[in-house]
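Next come two complexes built around subunit A: one with subunit B, the other with subunit C.
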Partner chain A sequence: MSARLAVLVFPGTNSEEETLRLARDVGIDAHIVHWSRAQTLGAYDAYVLPGGFAHEDRIRAGAVAAHDAMMDAVIDGAQRGKLVLGICNGAQIALEAGLVPGTGPVRKPTAAFTRNGPVPKFVCKHVYVKLAIEPKRCAITAGLPQDALIPAWAAHGEGRLAASDEHLREITAGGHLAFVYAHADGTVDASATPNGSAMGCAGLVNAAGNVLAIMPHPERDAWNFNHLDRREDGDVLAPSGGAALFRSFAEALR
Partner chain B sequence: MSRRTIAIGLKIPDNEAYTALTALRRLGVEVARLERAVIWQFEDAGDERDFVARVERNETLFNQNKHELQVLEAGEPRSGETWIEELGAHDNVRGHLGGKGIAGITRARRFVAWRLFATHGEPAGAATVNDAVTKLLCNPAIERARIG
Partner chain C sequence: MPALRSFRIGGLRDDELAKSAKEHGLALRVDELRRIADRLGRDPSIVEVHAFDAQWSEHCSYKSSRHLLRKLPTDGPTVMQGPAEDAGILHLGEWKGDRYGVVIAHESHNHPSQVVPFEGAATGVGGIVRDVLCMGAEIIAIADPLRFGRVEDPESHQRYVAQGAVDGVGAYGNAIGVPNIAGDVYFDERFDDNCLVNVVALGLVKESEIIHSAAPANSVGWDIVLVGKATDTSGFGGAAFSSVTLDEADEDANKGAVQVPDPFLKNVIVRASYRAFEYLREHGITAGFKDLGAGGIMGCSAELCSSGGFGAIVDLDDVNTALENMPPEVIAIGETQERLCWIVPPDVTPQILRIYNEEFSLPQIARGACAVVIGAVQKQMHYVLRAGDEIVMDVPIDFLTGSIRDPLAVNEPPAQAAVDPRERFVEEELDPSEVFAQVLGHRDVCSRAPLFKQYDAVVRGTTVIPRGGADAGVIAPVHGSPLAVALSVAGNPRYGKLDARRAAAMSVVESARKVAAVGARPLGLTDCLNFGNPQNPAHYTELVVAIDGLAEASVALGTPFVSGNVSLYNEAKNGNAIPASPIVACVGGLQNVASVVTMPLKRVGTILYYIGEAQNAIGGSVLAEVLGVNAAPLPQLDLLRARMEIETLLGAAGEGLILSAHAVSNGGVLTAVAEMTFATLRRTAIGVQLDDPCVWTQGQIGDLEALFGESGGFVVEVADQERFEKFCEDFPFVHEIGMTIDQPVIAVDEDAFDIRALHEAWAEPLTEVYV
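And then the complex of A and B:
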């Protein structure tokens, strides 16, 4: 029997349909699970926390969702080695839950994706993220090539990685910096980072390598029609670069 | 130059406070009622007599249809209250207010105030407030809490 993936829907989640569609396109047996069905989550083998505004981002982005009953199952699963991918708001939830970088106790966050800087404005921009770890360091990226460059859409008001200097050092030393913002040619510098994120961070992985949190949306650049540089004469429904991360995820679930 | 502190709360139902209340109860924090407000600490070179009117004219800060404004005597959290401030937050008024300044006000600090009440309407004890701060209201990686 193939591994089953749950795409979680909190009140306020808004990216579950494209996440589900991409997961199924790459061959994952994926299902949407709403908050009222939290008790069913234990039966799934992996989880995606999609983007949106879970619980309307009340208190802080991801703060209430991190304590939602659904996260009890996700945290339990993550501790037993199940794969967890958080995208955008899902990444914020994963940080608030302490799953990534995972350098402190569960639900005692040591970092956050918080208000963009230096100008605290919502960013909606096509970006590239570059794999900053050995692919096999994280199960979800294990099928990607070294230095993989993934196109994605940044769409967030709170995507800037922030933490104390001590915890930023832990992130670096522990190899938690999974993705950094990059230019289309793969070069990395401060101007590629759209939100002031520390170290140009676009994604974090936990120590065990089974939980990945990424701020931009690869599932929104998964078909040519939503790729910024698409060829107008091409097949608009053909896979685009963002699908690569999910293909790697699918390989990990086989 | 004078420092003036105000609290801007909602006079309509506060959904965010209700969410926080239910989340805290789920986490085992014993709180009967919860109030939320945005606290502004201003450095003001203007006349105290028209201070409130000047602030209320800023529509980014104050919407008379849903907000109520209270001038606070003390610049510290009250009993049962915590003020949460973002670490590294700036004090630029125009930055806070979407480019719209307030006449006479040169600096602004912003806090989110959460005031917890116990069963009989009295302010919650410091231990309960600290519990709420630790479990939910403050992410110490990016925020600092002051407790009354």
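And then the complex of A and C:
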């Protein structure tokens, strides 16, 4: 029996369907679990926290959801080595829950994905993210090549990593900076970052490498037809680069 | 009958009655009030008179437009359901044995947005997605045609409106998780006191799973179930506070009682409703479903039951309210947001309540929110409201919801003068280099990205062409299938000022063109008719002739109207109306998403063609504004040729001959070419060498008019010149205009323009308004 993945739906989540779809397309036994079924979460082997506006992003994106009863099971599972992937709002929730970078106590975040800068507005932009760790450093990225470049859509109002200098040093020293924003050719500079995020951070991983949080949406660049830089030829219904991260996730769950 | 608090009509003189109606905040005219008393054979109760005031309002009854709208063609092979309910449905295609329909609805939220832009625009989105949802559909996309006043002054109310409305559309659409894939925005002084915020929503539904907004056959005794936000005092047209007194304690709550959008609650209600659809399908149950809009609980339940041929009895004590002691007319007619209404068999009701109240725990999502039984369908064709132990309303339901018509004066329609395409209106012979940057930087041409980049264009993961990527947005909503849907909007106020009829026809043609430009076949249309005060013959005449123009064009193109909306009384303080604004949205279908055509130029050394005919008539064009030419008429609109242009493009695209395409609209051919080059800047820039215009206009048309005039058509990029010209040999209006080059310039004859410099002129202007 293969590992079962729960796609969590908090009140306000809005990306569960495309996340479920891609997970199943790459062969993961994935299921949607609503907040009213929180008590069933313990029975799953892995978790995805999808995008949206869980609990209306009150206080700060992810801050309230991090204290939702559903997160008890996720935090417990993460501590016992279960794989957890947070995307966009899910990344914010994972960070607010203290699962990433994981350098502080649970639900006592040492950093935040906060209001975009310099323009403090929601931004919808096609981006690329570059794997900034050894692929094997994180179970979910283990199947990706070195320096993997993944197309995705940034679509958030609070994606700017902010933390004290000390905590930022922890993030770099501990190898928690999993993804950085990059250009289509793989080059990395400040102009590739759409939201002023510290160190161009697009994703974080915890010390044990079983929890990954990524701000842009790879599941929205999952098929060639929704890849903005698609080639003229080629099968538009075939998977695009965004699916690579989920394929690697699927391998980790086998 | 209704014992207490009746509204006196009998025995009052007309002037007394008019005064009393005004005091009660009623819009009903004296003759309408007397008609009600005559039919009822008594004075109506306070609740009844407010009910008629809502149902007989323009918003609900279309009393000044319904008979005109009958002129629009509403049938055809692509129509799955015409304009009978909250939304129309177009046939997209088949996949794995199912026939898929695209649901489309179009609405305005103009007046609220002018006063409270953020909430007004957000509730506009909230309302239109409910119209689509209640057909049993999944909500798959939205679009937002916007019209604002002059925004140059940072301190102006117009700037506040233009920013707030966009924030509101974004905040609501993003939160419920629906991609915003199309829209447009125009700025004009005549929108200073009257912005337009139109919203379009698309849904996806299998033909076999459509849910209707009517009480099903044999539904006598079925439950009427109210779902959503607790009913408060919002949206009771001022009448609530002028005609009743609420408890002192509630005063603060009342002050805050404006229509308040709650996208967070809506997100949950939408998902719970999808679950309810699933349950009803699994158990083969037919139900009725409708959203609450104008007229609130009363309007929605009355229309649901009367369209099924039944009456209804509703107990207002059972409604979940936000305040104590709300007057019955406010509970019955107030327009609290985020509410829907089901008609279901009593044995199914517990499951529906369980889905909303337990599985999706509405009561925990928002205070007082829930699903609750408020009444039942009855055989007797009467609409009855109970409050406490009294009956506060009991009227013949068809009298309440039946169609009424206002007798309105119409002026002699202006003659449609034929325009000689060769007659020139440009005196000074300017060089293109003197106007190009001005045209690209014009408020109606410059980049809209600063505005729409705050809209989520890709949530749901189905987006093929996001907002701004082409003339129309494209999504592939049926997972695993190659079916794709295109959506565009059109409606140019500069044209509306000059000629309401031709402007309306041009809206239809331009919306269809934009859909064709991405390789999609136009399936059908929806319209939102934004006009002035119908009591003013000049303004009403514009509406009458505009509908003629819509009908004429949609017949000529073979694209029917399946839904629409009318917004009148868009009048400024000074009595000036907005420009005639017939705004049209077009849905296109692609049987194979692989054949989608995009806007960026693809290769160097390819040939550019103009599919269309340049004219010297530059009336209403951006060029005319830049040059200060006021006397020119709109270009002649040849509907047959417009259709042939579309067929030529679709045919060539079907043969795989089109590498990229762009419809020619604001700013003309050269602007279209420029935008095709701008779209290459995110990769290697591709430039263009254009021929001298007199070559492709046979010297009949002035250079400026040929390059910047707005005569419609398309610019297309073609690789296989021989096959393309063979394909087009029967079409006289296909002209080779230039070729693509590997330098980042647009060269026109001997002038060469740097693409990056042009791009800057085009990209900058709105960044100041939308940081």
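Keep in mind that, in the parts below, the second predicted complex is superposed on the first by the 250 of 254 C-alpha atoms of A that agree within 3 Å, B and C clash if a C-alpha of one lies under 4 Å from a C-alpha of the other, contacts with A are read in each partner's own complex, and residues count from 1 in each chain.
Just so we're on the same page, a residue touches a chain if its C-beta (ideal position, glycine included) is under 8 Å from a C-beta of that chain, and two chains touch if they have at least 3 such contacts.
Just so it is clear, the model here is predicted, and its values are computed rather than measured.
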Q: Could you tell me if A:163 is touching subunit B, subunit C, both of them or neither one (first, second, both, neither)?
A: first
Q | Which of subunit B and subunit C A:236 touches, first, second, both or neither | A | second
Q | More subunit A residues in contact - subunit B or subunit C | A | C
Q) Touch check for A:56: first (subunit B), second (subunit C), both, or neither? A) both
Q.
With both complexes overlaid on chain A, does A:111 touch subunit B (first), subunit C (second), both or neither?
A. first
(Q) On the A-aligned overlay, A:96 touches which partner chain: subunit B = first, subunit C = second, or both, or neither? (A) first
Q) In the superposed arrangement, which partner chain does A:36 touch: subunit B (first), subunit C (second), both, or neither? A) second
(Q) So in the superposed three-chain picture, is A:21 touching just subunit B, just subunit C, both, or none of them (first/second/both/neither)? (A) second
Q: Mind working out whether A:225 is in touch with subunit B, subunit C, both or neither, as first, second, both or neither?
A: second
(Q) Tell me the contact category for A:12 with respect to subunit B and subunit C: first, second, both or neither. (A) second
Q.
Considering only the contact definition stated at the top, list the common interface residues of subunit A for subunit B and subunit C.
A. 56
**Q.** For the subunit A and subunit B complex, residues of the former touching the latter
**A.** 55-56, 58-60, 63-64, 67, 96, 107, 109-112, 114-115, 120, 162-164, 167
Q: Quick one: which bits of subunit B touch subunit A in the complex? Just the residue numbers, please.
A: 15-16, 19-20, 23, 26-27, 86-88, 95, 135-137, 139-143
Q.
Under the definition above, what is the set of subunit C residues touching subunit A in their complex?
A. 170, 174-177, 264, 267-268, 271, 358-361, 364-365, 452-464, 466, 469, 476, 479-480, 482, 484, 593-594, 596, 602, 659, 682-683, 771
Q | For the subunit A and subunit C complex, residues of the former touching the latter | A | 9, 11-15, 17-18, 21-22, 34-36, 51-53, 56, 119, 121-126, 153, 155, 184, 217, 219-220, 222-223, 225-226, 228-229, 232, 235-237
